[in-house]
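Structures follow.
Shared between the two complexes below is chain A, which pairs with chain B and chain C, respectively.
Let's turn to the complex of A and B:
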């Protein structure tokens, strides 16, 4: 059985969201945390029909090829968005070769895709186990970063409210961190546990992770937020407990690990569904999916607006697909 | 395919039997056939030279046989021996040439009588073997100092001596179409998961080799087929360690001629455990265990991290350390990658030479390598001192976890390549790949990385730390707790 536990599933989804969170761009404030929580709540609501379909038995993907095909497209698209984020952020986290133009960026993306391919080829179980370990280690590292940030944090930064007049903007930004909810909606029926518990764990973890990372960033980098291209990365770089040794190397490791397992978490269900849709491609399904993700990444790197629209629209797409299946089942019953 | 003689029945005519034997063995000089008359019946005593104890045969078999008198027929003679003489505790019979050869070449003496198509065998094994000695690769401070030897029966007795319970089962089987090597499947029947046992039996049934000469001939049949760096079948050369594994519901396979037992399933965390952990106080044992986990990471990642930091992330170092490294690397004529590769390859070559060369030459190797690496290479400026220190630390770390040495060796080169090519990003990617490899390995449904992932809280008390023995005795742990 290619099953994974609810905890493992929640970990895989959280790791995906953590990577997206690290790649956040633009200023952050306390309102951002509120926007993030509101976005997460909407994502939770969008997942209700998915939970309904799975709890009623039958799952989502048994209802037809269209639903499976759409899920594959969404997963590949989100994988592309993840690669585009990697390329945008690689410069500030000091990934070697990224400064060598398109070749360097492609090399960095291909290396990450190669590692993700190895994880994906082990199956969903491997992914679940790895994601659980990565989540624990990542959590400990983030805790280390936050503790070290305590030295350089300033509480008055919380009062700085540059984005107070744009809650809707922050809400959309929070809504765009939807990779994890896509992972959980596409894999929930593969777990041995009730989807309610997996989804519950995931959103509880997401709320803690998101608010703590955003608030830490605000506390550390709030004063210079206007200069911050990537506020979370900047906060990690600024939070140095010692004068010389740099704790942000820890951040680079967490960033890379979340990138690999995030890409794998999106690629694994996509590969599984591709194998079901096109049995002849079963042998190369993971390679094909990751190659398409890289191609989608190139597109989203070229058209940033398309990427933003796609990531914001994902919860709506998940809702529409699952609600359609749910209503069709009810009508049939 | 069975040989032609395998099921060929023994003829009643003794002369014909002897001539067939000579013909089938090519008149091999180590097959000794002594023709004699016992109680008036023509007989022959067969044994293999060097495999039997000649004094035992003379005193315990030949002498009682020579005192038999006045038997009616050969069948009556064999019946009389079977009923009234206890010449050895192990007295099987052979009806075919296949059975006869198996017994003769296992150290039995066989009695053939003219007019009978059955041979009586007497256990008279007396071949030269290495005695019970201290294990060479699994040293121990506070525990027993005896290890397995090459004789399967001795190994079985060493386990039996420690587990005097009828729950301990030992099943004998033979594998190898030419070697006919004795294997022994060893398990505690009240602890072992039945499915695990039946799956191991069917795995062993797949062995169709001609000879079984090393554990490497058995282990691949007990491991997953897919490519994995880490092995899911372990080995031990210590009877006390094996007993602890058997009590946890694992299965061991002894192979005649090998001083090791193959143990299935094997978990990653076991590579960091020793029996000494239970001899020391939990706090110290826990410290040593953490030290080993750290050593493993240092052994694998240090060369890569060093190359990554020096080449791509010098900002991670403080100014003093940075100046020190810059000065050292400035003077070295080779790039860090080449330099590291050179030192690591040199170490591997020296180690291999030390293992393969005769023992007396080992000392010379140590002197030469010490001079070569420790002195000449640094003085000539070929290798920088910091790099040499890092390599030495990495090698030392690997020595703390000897069971994972082959994997560490390969991964060390991988880490160097990843760190040298992609910096810390590359090292992180390699860590992900290693983690995926460890997490995907399974042995008959037992995850190799348990109890870490999948997480089993109960297993933490003897992996992440070592709980007190008083608490452990009520734990009732078997490996079945980890099954998925």
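Let's turn to the complex of A and C:
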């Protein structure tokens, strides 16, 4: 199996998180940034048994069929959640086919899945390189957006705090942004570097990314947050420095690229594990995984509550899974 | 590397809004004036038009039918408010019409539509920018005005305009 470096893995996970941040719905405030950081901290704690497992000889990739099967289900489920987010958000970021009704929405999902399939079929090494390029380009574009947002920032927006923005609610929302930590937990053992370093690098990047995106959105759109269905998208649309310029088109490119590589980052380990679990399906593993992700996406698009419960519960599932493996190994030793 | 470039090119072509459309098939809105029961549209080219409508969606549909072109509202530079629910009108213009965040909002003591037809959007916008630059009237970008209307005060201070340009201030209520 081909490998990817620690930095590439962190990039793949952060690209996934960036996409889910773009798809955030409902108002944001400074409390949201605190909730996001608290959620990330809990995700970090949930990954401690994963680090223990990898240090003791193998993570989710090398812990038997049941654990691998459960990891595949989690990855496919999260891929589905990502597609559901794409369908909900695509209308406000001017993806042209979205306006063609349910068929257009499916077409958008299929186009994204097709591009993700192309990346995934190249193996983990291709995914790693693509994710690194996407993270650099996305980072530069986000920096551009933040600089232009600085012009239209209102510092007093940080003080706006509506009663709905209670900390527990924001904490759960932060906890639900768990796609990146799932990517890290499933592939950290493949990098060849210390899992502590991989996890540490990822969470440092996640804290910077999440806090800066949320606070920028609050600074730009805090005053009209009540109207913002998708606050990060709205902040990108409001932050253009010139009236004749649509900087949201730059955001659209970042959004699409993060969507493709986020789906690929979840599909690649799922496909690799599926190939191991079912060697006869090895040739079509990427197609099968992405098709299942699309199906899960349809389900989560139909039942939003199920999607929310799944994404919030993912860190707990990873914790239970890896803690079980770790305890079993310790008992065996 | 070829694979990476191919993916980026495919994503840019398929998912980023590139679609063939001729510029002459669209009418680009420059200014809009909203009164109770009617909306006046002024485009970058052509004469202003007033359409009777109960809401903005209906007004846009009627104006598209009357002009024979799809109306693009993303470059709108000026909104003149007459007797209308300011908060919901401006909110819909920002989130549904997606007017430019730089768009200026002016108040009118009489009919906003008649004012826009008489004075032109160019004159009113220039006058509002000059007055704000001199400190004679408040900043009235759509985000600033909506932020005030969405706050607990539920009021906003706007430059008041007549046919000669900005002539004072007016405080409007969100509802």
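Quick note on the criterion: the second predicted complex is superposed on the first by the 328 of 333 C-alpha atoms of A that agree within 3 Å, B and C clash if a C-alpha of one lies under 4 Å from a C-alpha of the other, contacts with A are read in each partner's own complex, and residues count from 1 in each chain.
What we mean here is this: a residue touches a chain if its C-beta (ideal position, glycine included) is under 8 Å from a C-beta of that chain, and two chains touch if they have at least 3 such contacts.
Predicted model, so just to flag it, every value in this text is computed and none were measured.
When the shared chain is aligned, no partner comes close enough to touch A:305: not chain B, not chain C.
Of the two partner chains, chain C is the only one that A:238 touches; chain B does not reach it.
In the overlay built on the shared chain, the residue A:152 is in contact with chain C alone; chain B does not reach it. In the superposed model, A:224 makes contact with chain C only, not with chain B. When both complexes are overlaid on chain A, the residue A:8 reaches chain B alone and has no touch with chain C. By the touch criterion defined above, A:112 reaches both chain B and chain C.
Within the superposed three-chain model, A:123 lies in touch with chain B and out of touch with chain C [touch as defined at top]. Overlap of the chain B and chain C contact sets on chain A: residues 94-96, 108, 111-112, 114-115, 118-119, 122, 126, 129-130, 133, 243-244, 246, 249, 252-253, 256-257, 260.
The touching residues of chain C, when paired with chain A in their complex, are 1, 3-4, 6-8, 10-12, 14-19, 74-75, 77, 91, 94-95, 98, 100-103, 143-144, 146-147, 150-151. Interface residues of chain A facing chain C in the complex, by the touch rule stated above, are 94-96, 108, 111-112, 114-115, 118-119, 122, 126, 129-130, 133, 152, 154, 223-224, 226-229, 234, 237-240, 242-244, 246, 249, 252-253, 256-257, 259-260. Interface residues of chain B, counted against chain A in their complex, comprise 311-313, 315-319, 421-433, 435-437, 439-440, 447, 449, 452-455, 484. Across the complex, chain A meets chain B through its residues 5, 7-8, 93-97, 108, 111-112, 114-115, 118-119, 122-123, 125-126, 129-130, 132-134, 243-246, 249, 252-253, 255-257, 260-261.
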